[in-house]
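As written, the chains take the letters A, B, C and D, and residue 1 is the first residue of each chain.
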Amino acid sequence: MIRVSVNGYGTIGRRVADAVAAQPDMTLVGVAKMKPDYRAKIALEKGYEVYSGDEKSRLAFHDAGTESSGTARDLVSDSDIVVDCTPEDVGAENKKLYEQLGKRAIFQGGEEDATAGMSFVAQCNYEKAKGRKFVRVVSCNSTALCRVLNAVDEEFGISKARVVIARRAADPDEVGKGPIDAVVLDPITVPSHHGPDVNTVLPNFPVISMALKIPTTHMHLHSLIVSLKSGATYEKVEQKFSNTPRVMLVNGKKDGFKSTANIIDMAREMGRPRNDVYESIVWRDSIKVLDDELYFFMAVHQEAIVVPENVDAIRAMFGEDTRQESMAMTNKSLGIMR
Amino acid sequence: MIRVSVNGYGTIGRRVADAVAAQPDMTLVGVAKMKPDYRAKIALEKGYEVYSGDEKSRLAFHDAGTESSGTARDLVSDSDIVVDCTPEDVGAENKKLYEQLGKRAIFQGGEEDATAGMSFVAQCNYEKAKGRKFVRVVSCNSTALCRVLNAVDEEFGISKARVVIARRAADPDEVGKGPIDAVVLDPITVPSHHGPDVNTVLPNFPVISMALKIPTTHMHLHSLIVSLKSGATYEKVEQKFSNTPRVMLVNGKKDGFKSTANIIDMAREMGRPRNDVYESIVWRDSIKVLDDELYFFMAVHQEAIVVPENVDAIRAMFGEDTRQESMAMTNKSLGIMR
Amino acid sequence: MIRVSVNGYGTIGRRVADAVAAQPDMTLVGVAKMKPDYRAKIALEKGYEVYSGDEKSRLAFHDAGTESSGTARDLVSDSDIVVDCTPEDVGAENKKLYEQLGKRAIFQGGEEDATAGMSFVAQCNYEKAKGRKFVRVVSCNSTALCRVLNAVDEEFGISKARVVIARRAADPDEVGKGPIDAVVLDPITVPSHHGPDVNTVLPNFPVISMALKIPTTHMHLHSLIVSLKSGATYEKVEQKFSNTPRVMLVNGKKDGFKSTANIIDMAREMGRPRNDVYESIVWRDSIKVLDDELYFFMAVHQEAIVVPENVDAIRAMFGEDTRQESMAMTNKSLGIMR
Amino acid sequence: MIRVSVNGYGTIGRRVADAVAAQPDMTLVGVAKMKPDYRAKIALEKGYEVYSGDEKSRLAFHDAGTESSGTARDLVSDSDIVVDCTPEDVGAENKKLYEQLGKRAIFQGGEEDATAGMSFVAQCNYEKAKGRKFVRVVSCNSTALCRVLNAVDEEFGISKARVVIARRAADPDEVGKGPIDAVVLDPITVPSHHGPDVNTVLPNFPVISMALKIPTTHMHLHSLIVSLKSGATYEKVEQKFSNTPRVMLVNGKKDGFKSTANIIDMAREMGRPRNDVYESIVWRDSIKVLDDELYFFMAVHQEAIVVPENVDAIRAMFGEDTRQESMAMTNKSLGIMR
């Protein structure tokens, strides 16, 4: 049993904790968070050990009448590995603690590739993580892109990939962020950081990305334009994606998937916890090959898509399971079909 | 075992079907819907019998390669009772079929009180539904209001209730409805229909409502101003609501419930299916008694709040369980605490 | 000619500057702002003298190649009166400078009543501002409420006023603020500060307010419930509002004003600069008298409604015009009918 | 003086009417609309002759106490040319009337190219419209694209253009349309109709478009990826766009244009009527040349951008002015710099 702790209990941390708790070969030692809010209380009701982020946070828990089980340092000390899900750039700071305590750690996509020294997407480079002390799971957008671009590159060869990312501006429970009625260029310059980030996992072709922030909370929407080296057809692309792990094809017209809202609705109907969508969602009817270029739309559930990757990264680092074994185990526990 | 069918598989029908399927004393015979979309396919994957709404719809299912088990008429014929969850005003039309087949039926709040002859909220008038052929479960807003106003009236006596309802403009999967950046007066005139609708259940005091439509998808938000007959205090109100069935008090400041988004987030954390909130949510720190007037904020999950009422209405009509027995059974199956 | 300067060039400052420049008896000396952005450049193109907020800001202007005419201190020194339109709480700090330079100043509703010692709405208490050194124009919501409540109180006597305010969460050009898909209780407690703020101008009856923040950018929407001392009818209320300055009645059903969006659209059609609505907008068909209570909906253009008040406050402080003279002059310059 | 009438007084019709009225060589005979709402009343206050759309509409005007000056047929009969601004597909129907009365007509982008037989963008093909009976001004998105692509093609040669269009889902006064919190694929298939529509004006290179609908009301946002035939640099592109008519370059970082909201805010600051932006807006800092591909962001004000095109189309059809003369006259009247 791998003893896993989760430091940071926001959008990602909460999900990784539940996913770890659902693995047959892992134990969730506990979670660390800063505020003694309703999320902390529900975690306690689920039976999780809840630690405070630091000493100040420990006092806040105490004052709220919710005693924490110690601080993040205590939690990490008692674990084999920590999944760091703290906000952007905090992970790099926390690395010192993990090194000091001699613990393995996984960082999220908000950290630099250099912080961990290796960027991870299970179906692209699982084996590379074997035995490592530190691994970085790439961001939601990069994870989704790596899955589909890796598949396309395997089958047809990619000479250049371009993607326009319409980003949800806030997670559903972040009520302070906007915009309300505008499109924000974020960044204004081209390319955005997303393309180069994909290259930390898939270095063999250029990925040029342009990114917008729009007033939605549920999913990112990618418009992909990919130049191919060898002849593709709709059928071949559809066939390849049908066999690509953690990619789900949906029928827009036939089955009524008109929007990102329908994807989330599907997850609710399927009984997924928190309506989570772990798969890269590709609209089958959007796939189009024109000359040597492949076009399609993809939706990315920013809250959930990196969850299976974190679980696989844990196993990869301890090195006892193959990629296939780990992914199968993770998929089964989360209800992912393939 | 009561054999229950669900006619209409939209926002309410899908949830009522799942709730019925979860009752120990009921069998879900099947569900009827118009389109063979992803919702139909997931229903089939769950093992539900799926019927088409009518003959035309039956052909649409056939053409889509998804055979239906028959039409709504077949489904109703095979049931003891049908829960009609079709769109507004369709239920009144369907009543003829139900009468012709001699079947009991429950209608939703989109129908007139006169269609069923009785409007229902479990904790207000369960007994009145005993033995009836037809019952109408009132709308989400009316259900939520009846629960809290009935409690306040029991304890303090109400001379007049006023409520301003900020209504979510569309359900999460309804992408064609707006507004996007505006407040719509709906209706422009005062009072809106909501107050009189509450009076179909609680006839003893006036309820004046004003209603707005705003660009959100998740919950209605009620601002209540209630004139009382006898002296209330914060403590007494808090105490009463703490003991009122299907009312949940939340702490805004202390536990971080700043918005309706946090309520939905809570449901996700609690593992509620589809993040459903069956309770009327009252912010504890919004409760204020000033002279003889009581003020508070309440959030209403329009997708879910009538689900337990539909289940209780079924039992009430068959008349074998008491209110307490039925509500306890329903609550247990849905994870409602009280 | 009164020499007026405007310190702060955000939502309010930009409009006050234009309004001052349009008065026959005033000269706009200049405006002070912090950033050399497009707003500064357009101000220069209009021929305004643009000053930097402080020394640091002066350097920022210089680095951007847009020389400022000096700092805010220089600007104020050269004026008879300054309209302080800086962000909340900054005005209180600036007061020291204004006192030191011996200059009159007007503050906005973000400051405390105590900072100026008097809170102002032209049609309620113009005369009280005569000869004062400091005056505070109340916030957009308070201004709108004072206009209508003062009128109702004059005609019928108010025993208690209650208002639920659905607040736009951000101004149109504020893209960083949310929420996107939620209602935020702001504040969670009752009453919000708005009622007491009305009482700084109209102290004779209680005003209880409840406030929500919703995902819109264009107008606040007030739902009013007012208890009256003497008998009112729809006709009398309609008649009174028809004669109340800076209140505009609109017909929802007959003329197609279904939402706040139509009010802004009307201003665009009328050719109002920046589509500004200076009037309190009351829906005629929402006016309802039930027993001794008056109900109606009112929309408030948060960007514009205080602009005429600032202009009148300037004149009041210099004391040479009567209320009627000043309001008439201001109205004429801004296209306000009454 | 060309006697011009405007049939349809919605988003486009209202603006075309004002623009026609502002031309020294044109007379606005009148406008026709269906409903006697506030827009009709303000048109009358401006001194426009208002006609009803048809006989039924004429009665509606009469019942509302607002007499119309006749029907659309009367209006067209009395004009030299009609600008048809009726909803999509109605124009094609109206063509019969215009032919019957022997009148010239301009159609909007909602009609097919074949309806008019020629699609128009002033700076691309003004001369082609000379002497024609019927001309179609292309849609807002096509107009904006034609301006920039024509310029790029002139300077560098285009081998292929790709564009992802994030479309505002509703105009500001359309409160019934959504989505509220979702991205709608519209259409799901690739390419959308926008690319081929550009080819009705610029037939010499393929334009592949992908289109999304997002919850905003103010502007469309285009992400362009253009393959060039000959070597371009940032400087050359910037230089070319600086000299292209009706294209405005803005500085995102330096001048604070972070979003589409800032563009609309700029128009408000500039005193543009209805905050209209007639220019294709290109972010200077988004321009990037990578190998043989040009990338940039462009914003399109859907309400306004076709207005100058309609004016120029009128002149072109009567054939007395050159392109330069007409565009200069139009620009001057609307405050367009170039």
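The rule is short, and it goes like this: a contact is a pair of C-beta atoms (placed from the backbone, for glycine too) under 8 Å apart; a residue touches a chain by one contact, two chains touch by 3 or more.
It should be emphasised that the depicted structure is a prediction, and the values quoted were computed from it without experimental measurement.
By residue number, over half of the contacts seen at B-D repeat in one listed pair from A-D, A-C or B-C, namely A-C.
The interface with the greater number of C-beta contacts, when A-C is set against C-D, is C-D. If you average the CA atoms of chain B and of chain C, the two centres end up 42 Å from each other. Taking the mean of the C-alpha atoms as each chain's centre, chain C and chain D sit 35 Å apart. The geometric centre of chain A is 46 Å away from that of chain C, both derived from CA atoms. The set of chain A residues that touch two or more partner chains comprises 172, 174-175, 179-182, 184, 215-217, 258-259, 261.
By the touch rule above, chain C contacts chain B in their complex via residues 162, 164, 166, 179, 181-185, 188-191, 206, 208, 210, 212, 214-219, 221, 223, 225, 252-253, 258-261, 283, 285-288, 290, 293, 295-297, 299.
In the complex of the two chains, the chain C residues touching chain D come out as 14, 35, 37-39, 41-43, 64, 172-175, 180-181, 250, 254-259, 261-262, 264-266, 268-271, 273-275. Within the complex, the chain B residues that touch chain D are 169-170, 172, 174-182, 184, 215-217.
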